[in-house]
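As written, the chain order gives the labels A, B and C, with residue 1 at the start of each chain.
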Amino acid sequence: MNKHFKKRQPASVRPLTTAFLILVLVASSLSLAQAGRAEVKPAYALVNCRIFPVAQPVIEKGTIVIRDGLIEAVGPAGKIQIPEDAELIEASGLNAYPGLISAHTNLFLETKEQSQTATPEEYLEALSQPAEPKEFPWLQIVEKIKPKKQTVEAYHRAGITTVVVAPHEGIFQGQSVVLNLNSDQVSEMVLAQPWALHINFTTERGVYPSSPMGTLAFLRQKFYDTQHYSQHLQKYRQSPQFLKRPEYDPFLEALLPFVIDKKPIVFQCNNLEEIKRALKLIKEFRLNAVLTGCNEAWRVSQQLKSASIPLLVTLDFRPPASSVYAQQGQAIREKAEKEIYPANASNLAKEKINFSLTSFGLNDTNFVKNLRAAIKAGLPADQALRALTIEPARTLGLDKQLGSLEPGKIANLILTKGELFDEKTSIVKVMVDGTLFTYEEKGQ
Amino acid sequence: MKIKNMKVNRIKPGLLKNKNQLVFLAALLGLTLLGIYSFPLPAAAQTEDRTEVVAIVGARIVPVTGPVIESGSILIKNGRIADLGANISIPSGAKVIEARGLVAYPGMIDSYSWLGLEEISGVRATVDNRETGRINPQVKAIEALRYDSMHIPIARANGIVAAVVAPSGGLISGQSTLVKLDGWTNREMVIKESLAMIIELPALRRGRGEFAGFRGQQPQVTTEKTLDELRQIFEKARMYEKRREAARKNILLPPPDFDEASHFLLPVVKGELPVIFSVHADKDIHQTIKFVQEEKIKAIFYGVEQGFKVAKEIKEAGIPCIIGSLYSLPPVWEDGYDALFLNPVILNQAGVKISFSSSSASTAKDLPYHAAKAAAFGLKPEEALKAVTIYPAEIFGVDKLMGSLEPGKTASIVLADGDLLELGTKIQKVFIDGKEVSLENRYTELLKKFEQREADK
Amino acid sequence: MREKIKKTGLLLSLLVFFLSSASWLLAGGDLLIKNATILTVTGNTIPNGDVLVINGVIKQIGQNLTAPAGVRIIEANGRYLMPGIIDTHTHIALSGTNEGTDAVTPEVTMAEVVNADDTSIFTALSGGVTMVHTMHGSANVIGGTNVVLKLKWGKPSEELIVKEAYPTLKFALGENVKQSNRTLLPGRPQRYPATRMGANALIRSELMRAKDYMAAWDRYEQQKKSKNPPANLLPPRKDLRLETLADLLRGKLIARCHAYVAPEMIEFLNLSREFGFKIGAFEHAWEAYKITNELKAAGVGISVFIDSWAYKMEAAEGIAYNAAYCTQKGILVSINSDSGERIRRLFNEAGKAVKYGLTQDEALKLITINAAKQLGVDRLVGSIEVGKQADLALFSQHPMSAYTRCEMTIIEGDVYFDREALLKERAAASTKKGGLL
């Protein structure tokens, strides 16, 4: 190619070509910078679809108008005027639902699988290193995410349009972010940053705390320390004279908004006892809390009912190692995974406890599979839908923008061929922030 | 030349000066010889007692292989039971041991222990039961047996007179030995120097079977694979012997290089030295039975936690089973909380020959309580008693020597103030091969020492 | 075929687990046990006796008792009824055992990590155990606070906790704390203390720190109450570690100290005198027989094994006569299991004490009333007396016999282990397809 170019270009023309190239580059960069503004999203009108608004009863044959990423109008076919600049999407035979929200995922994070692949030598090598605690209350997980197009697509096919990406290491794990799965650009995806501080009942290895009771004492001590720190800071601000200056503590600084100013804290509970332990801490320090995981929530339903705390219930049915079902041999464990844990959500529903469902611990395929199993185990389909739309929206404090198909809300919706949770159903179109994604029907 | 002549010249006249002196010398020699035969010189401390005649009188006698004698006597001569019964004649001069209120039992035999191989289990320097490496048929437990272990007198004081001391670890752990719990050296304790080869097959894995901290790197070795490996090892041993035989017969043939494993496994593959297989899961027991039959070797099973599931098969194969310690939880929860206790009961009822073991050094004295535990769950008390006396004797081929109180058998007898298998029973006397052994042990020594503190006040 | 039997059996055991949590299906705390050989422990043995339990409390003990309608009747047929066994040293039913990173962690609370799903609870019930003092392990000089539980299998964790028991703080001395039986990893330094003298020095220094902490709070309180509290008055930082040690010094907690060799116990007794804290018992105390005078004078009891010894150097001079000898010297002795396996034959362990010098009645006390006294619950349990909670165990033979087995375990009048029912269940599962077990 170079040879060819050399042949053609006489020496005198080269500076001109360079100048031209520079011009093109500048122009295109300018246009890129203005991409957001320059690019115009079409207005859409979805017509003749069966609409599940969630906040209202089902509309058998209706129209949804979307403009500039927001829902302009929703209603029965006759009642809604279709704007002339709207791109018509024929949706007869299709169902429209609000895009599903998974309020707890570890999407787009690079997880270290070291414990899975270490050799005995590597393991001992790791053990010999001086252990350091891994606590990140200040971590903004949005800085760590690396979105991938394939993952976005996969989640679309599961019907999910909004996710919370939560940190996943340590006891004080860090702060999560709410994302709309509208592209693979972080800046475009962020809905709310940060959302909450995440705490997990896990342990450190080789350093304090290395046991469940150590973790509880550690949490409690940190909460007390935050209160004391805040007291000290306040007093110092009011009257610093003769008062010892509070020592700057980045850990406690990170906790102030959550422990003192009551921003939301999410406790990850991996078994029924951790739910009880979380409730105790929440009550003691009057925290604004949400519980996630909750795979054994049905076993503590009375306490959850009276505590009235938002629940993010996982659809991961694997019995935790501490469970009675996991200590009596493989057969009982498998039976529990197939029959007992899938009934968790339906049992909560029977107790009239509000909850959201999440894909935490699962990939997109297993999420769909397990969701169906939960419904089969007795969770009413409409409650399942609410648990993936309006409930998580409320818990995230985004119910004014998401969770149902209502005018003014963000245009996140999915179009399905078939009832949403049925086996043979496929998702044909997904809209996120008004951007339309079309998917071929997968042969199921 | 000179000296020789001188010698002859000196001695000869002095000795045979006259016929009378010769007669005197001959008579002296004769008397000496007579004396030697009538009054044997004590060679060592043990043999002194053995020639004594001892009579245990008035005891309740439990022979094990015959009906209980409510009140009777046992006559001991030369270390053997000369006679026993309700009314036997006791020669004058016999040392009489008054045993009214006591029960006489044959001494117990522990079918698997680490007595003498382990002092303090947490201190490696005192532990010799586990060699490194997988294939160690060449190691012999007798060669490491510490005869002055503090655990031996303790076990003995509870009525245990003999024990199998076994190496463990790896696949082929080594040669176990059968010893009596009395002797000034390990060699003096030997009943059978090389009793059986110990081979350990994979254990039943409870839980996830993970090495704490990292998963999946330790491949779970199956019994099937292990038996395949053994097949090859045995085949190699046979080949080795064939070539050695051929080389022996034909000087032109070079003999194979010394192969340690093959050499020491020869008695096993020839069917001379039995193997104690430590085997646990029902499927594994089934496979091992097949293996034993194919390889034509003598076998005893040890552990056999799921033996109850294949009891009929074990019975048909005629393989005796040494029950592992009952101080354990059932390896498989689904088998039931009492599976470990019911196991020997079911095996026994199916006709399998069972015996109990302590599987320990520091709690070897608890042998009778494992038997009683099985009795608590349905084993007939007489069978429980047999499983610590005559059955192990039969299993180890020493039943002509011990295991029951019968004339002709060795006088290894226990005098107890109650049921031998009961927790509260106190052993009053123990005889091993006719010798009354001391019941002093570490426990009694330390107790006496500190009781002295009170006395010193 | 066996798979199907297994599966049915599993279904049934799952069912049993669920049903046991549905208290309406059980006797609901009312029972009449008839014709038992009643081993009251604190009184005479009653042959052919009856025990009436109403609302989980022993209402009547006698002969030919009658029960109100609807009360479940258990025919003992001469079998032996004893108080439920109490194990004063275990680690079962907990989500963790040791916070082994620091040598001093009194702030950890075992009561917060009770795991009622632990199948060891069932294992213990199958051996007649109704109550346990389950503890922090012995990895640290000062471990954490312990908890006493009733083994109500199938009930939620909070219902297991026995609030009336003495609150205890775990101390440990000797080899475990020194980590002397561990291989040190390169790059990881030896943790302080590495010697017994370091362990005692550590206790002393920590208690002195606790005293300072208490003084700081006292000063704060005083200043706050004063007429003109200073403007810069700030409360001291609440330190959970020192709070717990302060509670020990205030007498709100009693120490339970894991100690093997005699000098450890003598020096810990000295520490308790130096700082004025109470000792509930020495755990394991293998050399207690060497210092019966000191223990008697201090009024401190021991919680020991009968003959599990020689596993560490510090257990090399343990003698099986320890428990019996110390009992005879007037020391309060209990036998413990410290094991999820030994717990189900704790009654056998106590039975061995007869060989070493006690009567069967005295041996029985080692796992009942003595244990109850050490835990501070002897008003409630530990013997069969009118007014006490109906924690009972039924045995086929005398519990001190090697031939006995536990047939039924009852807590507050509810049956938590029933061998007969279990066997029926198994028979039903196996007769469906035939088979031995």
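Basically, a contact is a pair of C-beta atoms (placed from the backbone, for glycine too) under 8 Å apart; a residue touches a chain by one contact, two chains touch by 3 or more.
Note that the structure is predicted; figures quoted are calculated from it, not measured.
If you compare A-B with B-C, the chain pair joined by more contacting C-beta pairs is B-C.
Taking the mean of each chain's C-alpha atoms, the chain closest to the overall C-alpha centroid is C. Here the spacing of chain A and chain C, counted between their Cα centres, is 45 Å.
Centroids of chain A and chain B (each the mean of its C-alpha atoms) stand 68 Å apart.
Per-chain CA centroids place chain B at a distance of 39 Å from chain C. Multi-chain contact residues, meaning those touching two or more other chains, occur in chain C at positions 6, 10, 119. For chain A, the set of residues touching two or more other chains reads 127, 327-329, 331-332.
Multi-chain contact residues, meaning those touching two or more other chains, occur in chain B at positions 333-334. Listing the residues of chain A that touch chain B in their complex gives 115-116, 118-120, 123, 127, 327-329, 331-332.
Every residue of chain C that touches chain A in the complex is listed here, in rising order: 6-7, 10-11, 13-14, 17, 95-102, 105, 107-110, 112-119, 136, 144, 156-158, 185-188, 230-232, 234-235, 237-240. Residues 211, 213-217, 332-334 of chain B are the ones that touch chain A when the two sit in their complex. Across the complex, chain B meets chain C through its residues 119-123, 150-151, 308-309, 311, 327-329, 333-339, 341-342, 346, 361-363, 365-366, 368-369, 372-373, 375-377, 381, 421-426, 442-444, 446-447, 450, 453.
Put simply, chain A touches chain C in their complex at residues 124, 127-130, 203-204, 206-214, 216-217, 220-221, 224-225, 228, 231-232, 235, 239, 241-244, 271-273, 276-277, 280, 299-300, 322-325, 327-329, 331-332, 335.
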